[in-house]
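Questions regarding the structure given below will be posed in turn.
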């Protein structure tokens, strides 16, 4: 306190500015947190206050079918994009010659990942629906969404491989291993935790995708859970049936005011989507921390 | 060992159950359906016709559980184009095929007039209480943007908010032809909504809002109020007897003659039995119109 | 034999991996080519001029194969620009301030608490922001302002701002964190306060990274469709105030594409809008590359 008298004028002003700014930032951060908590709280409250058990039903009165479609669609999309994405990532990290090839790949990945999803949806609609002369279906939706996850998984794989110490590859080559042996037996297993974490994050990102799906996966769903014939258009696991997802259900509920439950269903869908995103995001984080700790333990 | 045995038992039980289910399915379906209709009907098009198609499909499926009916909206143009291309079996449209397709393409399609649909002018409750009726001229003035405040047509001092449908909408085509005498709506003064449900929602929540929807959307929905034109209320009766003019046929088009399955579905919709359900949903039976 | 098959496997896998890489390139090229092919139909098939599309405000494409309408997308383009500009104006200061707070003021809590929180919010589906906008913001504006309906430029901008601020914050925080510690220590050593260090050292050094984050946020806002479509009102007119509704490119595509007839003039005009969006998003990428390459020296010399 006494020292402050010794501080010259300009310095004192600088100190009080500093204190003021810090205070302002604290308030701002608090307000932001409040806003975010408010959002989640609002969704949770409106979903739970209107909650009726039938809203969870696997029938037109509930969101069960949409929930299933969402999970199934993301599963199909990952099935397509994981091998291709990991392959592309390995190519970028290990095979592509430095310079031109890598540059083109990178621009291509950036283009894909910054594509507005409505534009992607139109592309999917054109190629997977119109040109194949088919109806809206889950598989077309999955293909479209996989274009979203593909660049994510490729980038993650590339980063994970590049982050490995050079000694891994050198050691393997030193033992006489071929390039593919090195990649498949040494590098990929070592980078595996990071890749898995990345895939989970990628999955979390596409759960809520809507614009890319409205013209591909379709906005209606008709599942007969008793069906055991996978080629039947009402069989849950037939990828060639149309399937409305949770996010499309929210988009559609804005207009289906005929159904008195529409807004309750949309609120519940929003809550379920949030829960999915949270789970996957926290899950990926926890997994990566767990695996990192394990790795560190190994090194010691 | 123990685990293995358990797993085996579980598998055995599961397979017996599955077989059982399969067996049941066969047993019950065989005698019930003498015609044993099976297969898929795909249809797309008019959103005004969609609720009807959905209900008809559900009723039809009660009789023929092995039939899947895939229904998509998309608007009349999409329905016509897709049925013409062979993408769907049935194209639902509010407008005759000739207005959207070339003559040759339209000639390939077979028209099934399954119902009539009446388009009602609807407004936010508060205004509709004060202005339950508009003359046709007032209606035209409102929708062309000449009248911008409800006090000019005898209502409260409240701005008019026009809520409309896109130019591709069949409901809009009907409304502008029969209610506005082909005058174009002032699209630079109106909120556009992509379907009738969203339109109702907007009107219900916006003071001073006015728009139009097909009658079925007003059933069991008291959030907006229908407005009469020249003293005639938008009802099915008034449409049948010709006093209310704003209505049109709903068409289901097939490319060429329908196959057995499609014919069964179309016949079902146009049957007397389903006609009662049709009216209960706010659609009119096409054969009841006095022409 | 063993060596031979090992070598063969090596060769095969090299080609498989190359194939995966190539596939990614093909997809990208395919998207570009299809959009180009489809989007130019307005000009080649229906004979409209590019300047009509960009600058005319008369939007009345015919939903028939005969054409003969007008395809001026001026209002849509302006609508997209205005809503994004406003969103950026609202989100950027908050994002940068928040990133400073997380990286400089509470670095340890920032890393352990704020970073995950922001990451989660980056991942929240935009449709949820749209839904909140529709059920909270629009009724609020309708009730407490002079807006007739609540659907408005302001509602759209706020929804976009909330949607992109986590993105900008996250990138900005990374940029700030990558400023070498020695820079700060030097400044503190000279007796600077924390704010002086932030304002005079950290922000200028992290400038390029922050800018890249802002452009990234802008790109996200520009391409967002459904969240905006839910609250913008879709009135084909230039807004006279923030509380007026208007239209934008993405909401037009989302709302009208499904209702038009495949191949009609209207349909093609919407594809042209999609092509326009694609070109803009490419420009954003180039811009980000340019910005980060200018600022790249730092991270390399680190």
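We just call them A, B and C in the order they show up, numbering each chain from 1.
FYI, a residue touches a chain if its C-beta (ideal position, glycine included) is under 8 Å from a C-beta of that chain, and two chains touch if they have at least 3 such contacts.
Everything numeric in this text was worked out from a predicted model, so none of it was measured.
Averaging C-alpha coordinates per chain and comparing to subunit C, the farthest chain turns out to be B.
Looking at contacts between chains, the pair that accounts for the most C-beta pairs is A-C. With each centre defined as the average position of its C-alpha atoms, the distance from subunit A to subunit B rounds to 36 Å. Computed from the mean C-alpha positions, the centre of subunit A lies at a distance of 17 Å from the centre of subunit C.
Shown for subunit B are the residues that touch two or more other chains, namely 73, 85, 193-194. Of all residues in subunit A, those touching 2 or more other chains are 130, 254, listed in ascending order. Residues of subunit C found to touch two or more other chains are 254, 258, 262.
Across the complex, subunit A meets subunit C through its residues 11, 14-15, 17-18, 21-22, 24-26, 28-29, 32-33, 35-36, 39, 42-43, 46, 83-88, 90-92, 94-96, 104-105, 107-112, 114-120, 122-123, 125-127, 130, 147, 150-151, 154, 178-181, 183-184, 201, 204-205, 207-211, 214-215, 247, 250-251, 254, 263, 266, 270, 273-274, 277-278, 280-282, 285. The part of subunit C that touches subunit B in the complex is made up of residues 60, 63-66, 138-139, 142, 148-151, 233-237, 245, 247, 254-256, 258-264, 266. The touching residues of subunit C, counted against subunit A in their complex, run 6-7, 9-10, 13-14, 16-21, 23-25, 27-28, 30-32, 34-35, 38, 94, 97-98, 100-102, 105-106, 114, 116-117, 119-121, 123-128, 130-132, 134-136, 162, 191-196, 216, 219, 222-226, 230, 250, 253-254, 257-258, 262, 271, 274, 277-278, 281-282, 284-285, 288-289. For subunit A in complex with subunit B, the residues that touch the partner chain are 130, 133-136, 218-220, 222, 226, 228, 232-234, 241-242, 254-258.
If you check the complex, the residues on subunit B that touch subunit A are 18, 21-22, 25, 40, 42, 51, 68-73, 85-88, 193-198, 200-201, 204, 217, 220-221, 223.
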